[in-house]
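Two complexes, one shared chain (chain A), two partners (chain B, chain C).
Moving on, here comes the complex of A and B:
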């Protein structure tokens, strides 16, 4: 293996057969009901995936190459699937559907991190955002598969196989853009600089997560920090780029301070559903 | 590079050959021609390495690349609804669908590449506006119901056209179409399902569905191309077993299929002349607005400029990424023999 990170370019997105993998409908049909605290945790995880899927979906028909239209679309589709799992499960605590939660919550009620709310920017910036988020979720799901909550564990198990490919995709592009041309190196470095301030927020321990972590239901975010940073630093150095110096943007505590972008994202996502409240689609 | 060049490459340039070699080449071409004729007569597949007439190659490159371009431009009207799809399930299905279109573009470009025209060259033809794509995509997908109408009518017309193409004489094209058709039938079903849900929903939803069908019906029927007496290339394509049925035959087949489907949807097809003809055993349908069709083909559709501009912007914005990938690959190739030497 020529580079760090534990994956090779020969890995393929299709190497994993879906087989008897769970579906969002399975979660909905199961008798599992989340506690209020677990639901709040699932909502936080689900919102991150939903907003990022929303962002990535914009690339379809705009990517640098046809294969990337497909790859970014595929990743967006995976993330949307993860969001549907988490939101469906969260909704079980409150008698709400995934669509109630996705379309009829306001900006203040979303729990997404600011990283996923960042604009796509150029391809380098999108890859930088993918790199950070996929490395974080990979570490997270690797531990969440051992959750005492069987639904969360099943979701993590399904998502992990897909995130494995997402981080490979991001890392392969990091290496290519970092080691490609002067322009790609500059743009990729800029991409990293622009998203890095929002990395720290992912490791903030905000209730109910610490309580759930004690019950071995959730993964304590701060416990992921060292592993994620080590792996990110290693792949960034290998790409010939520099690990940004930023220590994190102020307000990195997941306490509800959201980016300016969130309102625009939700306005677009929710517009049609809200024009026809109660309608079936 | 013009599409004829690959064919010429099979026979060496006369200026560099002796008379003897030229005669041998002519003999090869004669034998090739006979073999080609035999394959067509026996309704067998022509494969990329087989000899084929230049016009056959040219016709295929034009048709396959035009089809590929249509898939690529066709991502735009529906793609613009991904961000606003009204439920997460619909969002997910739509995303998968638009992604399929990109996949179809890939299969088709690959099939065309076996004829000697590179993907970059085909991209360039689309980029410069030299190549055409299906005119239907120059119409806007204005409402969510348009996503349904595009699936039901546009993909439905495409399938009617494409199922016979699975038997096209050129092997890679026919085989690509088998896969494309499987996915298109899922696309048509999801479109129908969207419209069914809307037409059985609120009054506003039903109106939205009817409005979309009103707008897409005519242009969808025109997807089969001009009437037979105004379609000069069709005869040759049929003689070569590329095309199996005429434009009008396929259009009739499509009309016969959608009339009962529209009834099941509870929606009206916007054609006062549409009625069952007992004698013919088919539905009669009214005249289509061919002036509009040719005008849109020539560039005067509602969105010709925007569709192409969107495509060009994506290519332009991504140029630095493609350059970086190529530069990285070149460095890797350069580095590997050297590193082998150094470690030896």
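Moving on, here comes the complex of A and C:
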């Protein structure tokens, strides 16, 4: 697969280069074709990023400070980038584009977890959701870089650098809100309590992960559980807050059957592409 | 200076346009100045300013605001209140007195014979 990108010689007028990194276009232009199973795995990873990017985008112009608008917007765009990689690669198995998969699949065809589908709530709840998801994806991509599938490994390598920052952003806010005022502590704790039941679904060995994990293509979700929980518990304790004791919510199979939110998110995200098929700008 | 609105135009602020934010006022995050170094060997250059609650967050906000397009390899953040700046009104005394003093420039001096490598 081509990693050239072709950007290095195209310096902008300010002499700042775009920098060389793998792009979704590289994945699309490469001859790499995913198997049906690998594509279904890529779709599962990509859908999480796509839905969370859509959720986070809602914060733009609504965050507590302008600086935070931009921080959350940057993170949303990073996640959208990861979704583009995974969906582009998934589409290679079925002759579909990233847009076909993002805009023209129905609610029950999405594989996203309920954690990313949860409403933003207040800033504390959004940070709690960010904390759980970024700690999970960091562990996941750290292992996925060694995947036998070189395209998945290359995507994980690119995403890992960005998730490293997402993790730091969430942890810094957790420490500040946990060590802040009575109100910030209360809200941050409530945020953790509200998203914690959806953590367990991330570690469910849903199809096709067990088969692909045997072939060393995928990371077995349940193998991430201990590392993620240990690191989450440690940072939450450091913040002076309590690790929620709640059990996982029922129906942890990424089927969407138990999520009330997915349909509303998709309606908002897909409406333009569906009303004006093929529109460009 | 709790009565000073930090967002008011400079000419409406008393004390010559110097904005002093009240450190006891936690409703507004303090202002930080951001310096970015674009590559090794170059110096840090002032990129702009931002608001942040503390140094660690200022650094992260700076990364988000000023290095989004691959501009930097290093960032400094400095509390704006810690910077002592020259007064724009005393431009004459500060900067114009150095004009016309050609003897302060190396080109003023003629090259002496018999001194090689100058």
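Annotations
What we mean here is this: the second predicted complex is superposed on the first by the 255 of 281 C-alpha atoms of A that agree within 3 Å, B and C clash if a C-alpha of one lies under 4 Å from a C-alpha of the other, contacts with A are read in each partner's own complex, and residues count from 1 in each chain.
Following the convention adopted for this analysis, a residue touches a chain if its C-beta (ideal position, glycine included) is under 8 Å from a C-beta of that chain, and two chains touch if they have at least 3 such contacts.
Quick caveat, the model's predicted, so the values are computed rather than measured.
Once the two complexes are overlaid on the shared chain, A:169 sits against chain C while remaining clear of chain B. Of the two partner chains placed by the overlay, only chain B lies in contact with A:268; chain C stays clear of it. Contacts of A:98 after superposition on the shared chain: chain B is touched, whereas chain C is not. Once the two complexes are overlaid on the shared chain, A:70 sits against chain B and chain C alike. When the two complexes are overlaid on their common chain A, residue A:87 makes contact with chain B while staying clear of chain C. Of the two partners chain B and chain C, more residues of chain A are touched by B.
Contacts of A:29 after superposition on the shared chain: neither chain B nor chain C is touched.
Taken together, the two complexes place residues 65-68, 70, 74, 176 of chain A in contact with chain B and also with chain C.
Residues of chain A that touch chain B in their complex: 24, 50, 54, 57-58, 60-70, 73-74, 76-77, 80-81, 83-84, 87, 98-99, 102-103, 122-124, 175-177, 179-181, 183-184, 187, 268-269, 271-273, 276, 279-281.
Those residues of chain B that touch chain A in the shared complex are 72, 75-76, 79, 82-92, 95-96, 98-99, 102-103, 105-106, 109, 144, 194, 197-198, 201-202, 204-205, 310, 313-314, 317-328, 331.
Every residue of chain C that touches chain A in the complex is listed here, in rising order: 29, 38, 50-54, 56-57, 60-61, 63-65, 68-71. Against chain C, the residues of chain A that register as touching in their complex are 16-19, 65-68, 70-71, 74, 165, 168-169, 172, 176.
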